[in-house]
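Both complexes below contain subunit A, partnered by subunit B and then by subunit C.
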Partner chain A sequence: MRLVRALDRQRWVLTAAVVVSIILIAGALIVFAGADPLLGLQGLVEGVSSSPYRIGEVLVGAVPIGIVALTLIPALRAGVFSVGAEGQIVVGAIFATAAVFAVNRMLDGAAPAPLLWVAGLVAGAVGGGLMALLPAFLAVRWRVNEILSTLLLNYLAAGFLGWTLRTWLATDAETATPQSDELPDAASLPSLIPGTRAHWGILLVVVLAVVFLIWQRSAASTRLSVFASRPKLALRLGATRSRTVYSTMLVSGLGAGVVGWIQVAGVNDRLLSSVSGSVGFSGIAVALLGALAPIGIVAAALFFSALTAGAVGMQSATGTVPSSIAEVIKGVLLMGVACIAAYQRRPAAVVAPAEPVVADVAAEPVAAAEAEEARA
Partner chain B sequence: MSVELWVAIIAGALALAAPLVLAGIGEGFVERAGRINLGIEGMMIMGALTGVWAGSLAGPLAGLVAGLLVGLVLAVVMNLLVYRLHANEIVIGLGITMLGLGLSTYLYQLWVPSGQTNVAVATVPRVDLGPLSELPVVGPVLFGQSPLVYLAVVLLVVAWAVMRFTRFGLAVQAVGTDPASAALRGVRVERTGASALLIGGALAGLGGAVITVGTIGSFTPDITAGRGYIVLAVVIMGRSRPIGIALGALLFAFLQSFALLSQSTSLQLPSELYQSLPYLVTLVVLVITSRSQMRRLFKTVRPA
Partner chain C sequence: MTISPQESGRAVEARSVSKSYGPVRALHDVSIIVRPGAVHALVGENGAGKSTLAKVLAGIEPPTSGMMTLGGAPYAPRDRAEAKRRGINMVPQQLSLVGELSLVENYLVVGSRPFVNRRSARSLLAATLDRARVEVDLDAPTSSLTHSHRQLGEIVVALAEGAHTLILDEPTASLGPLEVGGLFEHLRSLCELGTAIVLITHRLDEVRQVADDLTVLSHGLEVHHGSATGLQPAEIARLMVGELPELAPRAARARGGATLRAEAVVARSTRDAGLDRVDLAVHAGEVVGLAGVAGSGQNLLLDVLAGFVPPSSGTVTLDGSRTVTITGSRASTAAAERGGATASTLRAAGLAWIPEDRRDAVVPTMSLRENLAVYSSARGGRADARPPVQGSDDASAPAARLAAFDVRPARPELLAAGLSGGNQQKLLAARELGGAQTPSAVLAYGPTQGLDLRAAQAIRERLVDLAADGAAVLVASHDLEEVRAVADRIVVMFGGRIVADLPIAEATTERLGRAMAGLPADDTPLPTLPEEPAP
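== the complex of A and B ==
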């Protein structure tokens, strides 16, 4: 018991050290830009909360990150490190846009809204899912490293999007940036909070969080954790390598594909070349930041989105601090959380033998989540 | 397509391959030591920025040194977190990449506020090789290059020799193959791994600086455009061996150069196809090498 308490204390010290160093780094960056840190902080708070619209923007920004991170839970738990959300969002968005236009044309522009929503949702999920099955197949069949294959596929998806927006989905109107025609009004997701861009997609995050909360207690979830640390034991529990890789990557692909649809139908009302908006990488960071626990992930997604919105507020308040300060803080935060997670795992690591690098990844946040539960 | 165009494409490929080869040599050491550095992209872009900054103050050579040092500093941080605090290598690598991409943009926007013209610096001067560079075809391809291309070739040979003939090289391979046995034989596992990572970081920073100070002469946010990830793919394709890394880097750079120079001419294919080609071919080669590696693995497990 004493050991546990001592570890607990050390962890709090480490957590405090991470928080303090983030504040110091942020302060130093603001001072380096020749601005007053307190003014910067004020701008940050205003950027997040000064009007209902701003709050709505934070929610809107948290939706794609949250969905990507939530649907990454199974993959990361199993130690399957897919970084392909970026490309899966893109393909999902292309499929969804094409499906909405196709359905609308078939019914001569009189398609009812729910039908267009379902068409977009399903097509987006199919697109993202297909894009995820390819690296899963390569990983299972020929042991192609899934980190590298998904990274490379992201570039191919970007090329496909560029071509799509120049040819078969391009708008006829003169526009500054490549984009598709505007979606029919019925296809766009209705606003959830009047006067903001906050749309019904927010509810999907809540639903997914609940689903994963329940799923976490299931045998399937435990099997994935076992797969990450002891693949042979997992085999006896019925979790073969191919089944695990296919199913977990498919879940993350479906989620990312749906995000593609949501960004088109809920936020932009058209397909833009910036549709993925580097959400893919933030998604992984948020999933790890939230220790692969649904509640933690939702909180982390809100925090990431608030940081982005707040940094814009900071830029306009100080006039000199570039909003890219948010990215720096996110990076430092991710590293800090990785250090804290390692501290929780240490006692177990003494007992467990060394594990392969990739399998090791999920073990930490899982241990973190388990420690949380044990304390509760 | 004319001969001149092919000459230009191949000469361009060698120039584009230099940063990939430099960073790849470093990552080769890291992966031979059984580790992986997903922070290469962040280290490269920080090297690219500081390269231009130092280059504008004290000339291109200072820029290269500054890039190398920044990569080294980031590798020290990464090593500290991974070895001292036992944080996960992959997560820290992603964190370093996020940090590098964000910080380089932040500092650049402070240095060159939007609306101002970008800072351009002198690039590393070419050495005049006299009549050699005037030879047809071979001249521009082999003797008209930036000295950094020759530096990459020299380092490639050095890396091969170090890996093959020195105590350190053997230690790196021993640690990568079987850390427990290596430790029993008196190899300092942590120190060897740390040295490999520091070499990897320094060369990634240098590679980044080569992109800006070597050829372009200025920085723009996201200038590395995923080259760090390509380096990772190239090293895995080349099985961490210098010659394999060089071939992989040349393949990618050749396709990139081809895309840059030939999309304006003939063929009428969509430009996106040209731009995607390097990534597509890299993926295909990755699949082929992974497949043959897997076959070999099975052969050793079940002797026929």
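== the complex of A and C ==
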């Protein structure tokens, strides 16, 4: 199919342009900070790969982003743009922490580890799910824009977390920042690679990626794509608005809630006010960067995490380049992705009505579309 | 065609223009002269090159070869903006007005002048309206205007931008007969002011009604040009296709029970006349035509029958592979959601659906194969997902089905977005009407729109065949001929009510026309006339 190949070719050119501009901007930032770009690059690579611990850090960072991004696939595919993962992580973490403490207290501190894991996992998922169903209900019942409601609910969740850490889950110990007691040792996720913080949550990402790879070929996935572009046809397929909004937002909420539990039980061992750490927003970015494809999302999540870890290495290697350079690069990358996505939607078709463009060339519309493409 | 000196100052002339898309020639050595103060009809089948020629004239596409002049000076617009500056503007089939904005605001949006304030823009448009003797609300959001007024609005905006040559791409495609008459009157008064109008159309009777000059294209070639007066539609049709296909003789069909019934249906919509206690029964084995001026409630009735819009009272029953009944209820939002669920139930009971706007039903980002098989992804549709195996191998079945409906190219792996509009319509028909199982009922709104005569005839025959196989077929259209060509009886809607129900033998143009205009069937006035719809 020539049309597809032409599209692919131009997509590669665009992608290459984005990569080149990122390298140029990053290099310029390093030079401007008064450091040698090559030294900076070396620091970046070392920050990611110089020890098993650092590799583990990359994996640990990629897990929450990956889970959030993977579970956002259905919602984004259906055009339900939920940006509430941040708040859902927070509520999931609160629920999970409370559940772990409650179960542990009920069994007088002798709860077996698997029970605590299950309690944390289920409670986290329930918390995240409930937090997602609220905006879904608002969207279905009163047509409240889900972008707005999920975004604002993030602040509500953050406030609730602050209140929680000062009141019913606050630790008795004197601490500088509000936090909960440390979880019982049995509740922590065991590490997957000895000597690192890489925990069993990594396997969950792999499982989710496989699940979504299979799901992509399912009828449900097709229904969501149809829902996004052809609502009436979707109704004939049984994909009503309420069903679609509830189910897709619930999936993303469950995923984010589980992430909340993983961050508490696998990384911090206690509930901190920084539990979500903007992972929810990174998840959306990674889902888009990975083009809603599971493999692409896993790769993008690793890349995002490596960038953060590597920037720390760069900071210590050069001494002058701040690690926040990673955020700048992520921002530029997102702009690039947005450009590529916008290009793929073919803005030319918006200016000139899409249908008449090929309407009078019955014999070989592909060629016409290609010609259109070449001029665009 | 003689051209007076002052007219020749603005005549647009194209000489031996060709346009190729890759190896495909859409236009081959076509010449046309557009005179000021005249309506120039441009007719031809789908794919004849009408729109391509229009786009070349309007600067949207550069010609591959050939030259154009404007008032004797060379005219080779680089883009649409340059063509506009030189006074040549095209009104596309899909109107470009922004629905949320009024006409004045739309004009401000598209206006090429850097500084125009709202007040002067408004007075300019008002003056243009006055000149063209058109009355359109300048300050209401254009989405609240009727389709014909939006059309006129678009023309007025183009005129206000200084257009002296207007290219109208199928402006009558979605207008009723009365609205078409109104539009033509306005076009005539524009001509009196010296405006040149190129009218692209499928409808041959319109050529006789309004055109001064005529160019007929066929397969990218110009087969006729000259004066339009004195030509009969049948002659033009012969020029276009060689011969007008005859309707297949209708076999007598047994009329069965009422498969699809609407009883005392009341429904509301913001876009169409509300339904006012509509009763309609479509029997197995019959084709019922649904006629009416645009906005008389046909859209809403079909949406209710298809299960998209729940009636606020009354019932809809489909006696298909199972019996589905929708009963009206008051709870709006919840009912709307349940109404959504009923659309899939109705589909599962064998209701085929061809909507007025094919973009509601064809998914451009999916391949032709996926579009054909889209219902296999229906919720809980596992059981009927796989078509009954008849020894046919799955790989060739979609290609054969595409070929049967003459979808070009019939390549199942192609994205639907790559098809022309007419071929997307055929794809839709292939999915809804070409299944292995005969649907129990068919709802089709303008099923042959955008199709050339041959393809349209094939779809009509398919509809009649389905009826012969026991389907209850309801065909709605703005195009009276489309309805008359297939229907056994014709139901006319006006103001959200059914005002006439005529067997085809009694459905003369006069009687239908009166009913569509909301007039009583004969000279005796009816005691209660439905209210005139808002203009």
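As a working rule, the second predicted complex is superposed on the first by the 335 of 376 C-alpha atoms of A that agree within 3 Å, B and C clash if a C-alpha of one lies under 4 Å from a C-alpha of the other, contacts with A are read in each partner's own complex, and residues count from 1 in each chain.
As a convention for this text, contacts are C-beta pairs under 8 Å (C-beta built on N, C-alpha and C of every residue); 3 or more make two chains touch, one makes a residue touch a chain.
Computed from a predicted model, the values in this text were never measured in an experiment.
Here subunit B and subunit C are compared by how many residues of subunit A each touches, and B touches more.
In the superposition on chain A, contact of A:33 is made with subunit B only, not with subunit C. Within the superposed three-chain model, A:81 lies in touch with subunit B and out of touch with subunit C [touch as defined at top]. Once chain A of one complex is fitted onto chain A of the other, the partner contacts of A:219 are limited to subunit C, with no touch recorded for subunit B.
Of the two partner chains placed by superposition, A:169 touches none, neither subunit B nor subunit C. Of the two partner chains placed by the overlay, neither subunit B nor subunit C lies in contact with A:48. Within the superposed three-chain model, A:229 lies in touch with subunit C and out of touch with subunit B [touch as defined at top]. Legend: residue contacts after superposition of the two complexes on their common chain; A:237 is shown touching subunit C, with no touch to subunit B.
In the superposition on chain A, the residues of subunit A touched by subunit B in one structure and by subunit C in the other are 354, 358, 360-361, 364. Subunit A contributes residues 1, 3-4, 140-141, 219-220, 222-223, 225-226, 229-230, 232-233, 235-242, 352-356, 358-371 to its touches with subunit C in the complex. Of all the residues in subunit B, the ones that touch subunit A in their complex are 35-36, 38, 42, 81, 85-92, 94-103, 105-106, 109-110, 179, 221, 226, 229, 232-233, 236, 270, 272-273, 275-276, 279-280, 282-283, 286-287, 290-291, 293-294. By the touch rule above, subunit A contacts subunit B in their complex via residues 29, 32-33, 81, 138, 142-145, 147-149, 151-153, 155-156, 159-160, 162-163, 166-167, 281, 284-285, 288, 320, 322, 324-332, 334-335, 338-339, 341-343, 345-346, 349, 354, 357-358, 360-361, 364.
Those residues of subunit C lying in contact with subunit A across their complex are 21-24, 26, 46-52, 55, 60, 92-94, 96, 169, 306-308, 333, 337, 340-341, 343-344, 346-347, 353, 355, 359-366, 370, 374-382, 385, 408-409, 413-415, 417-424, 450.
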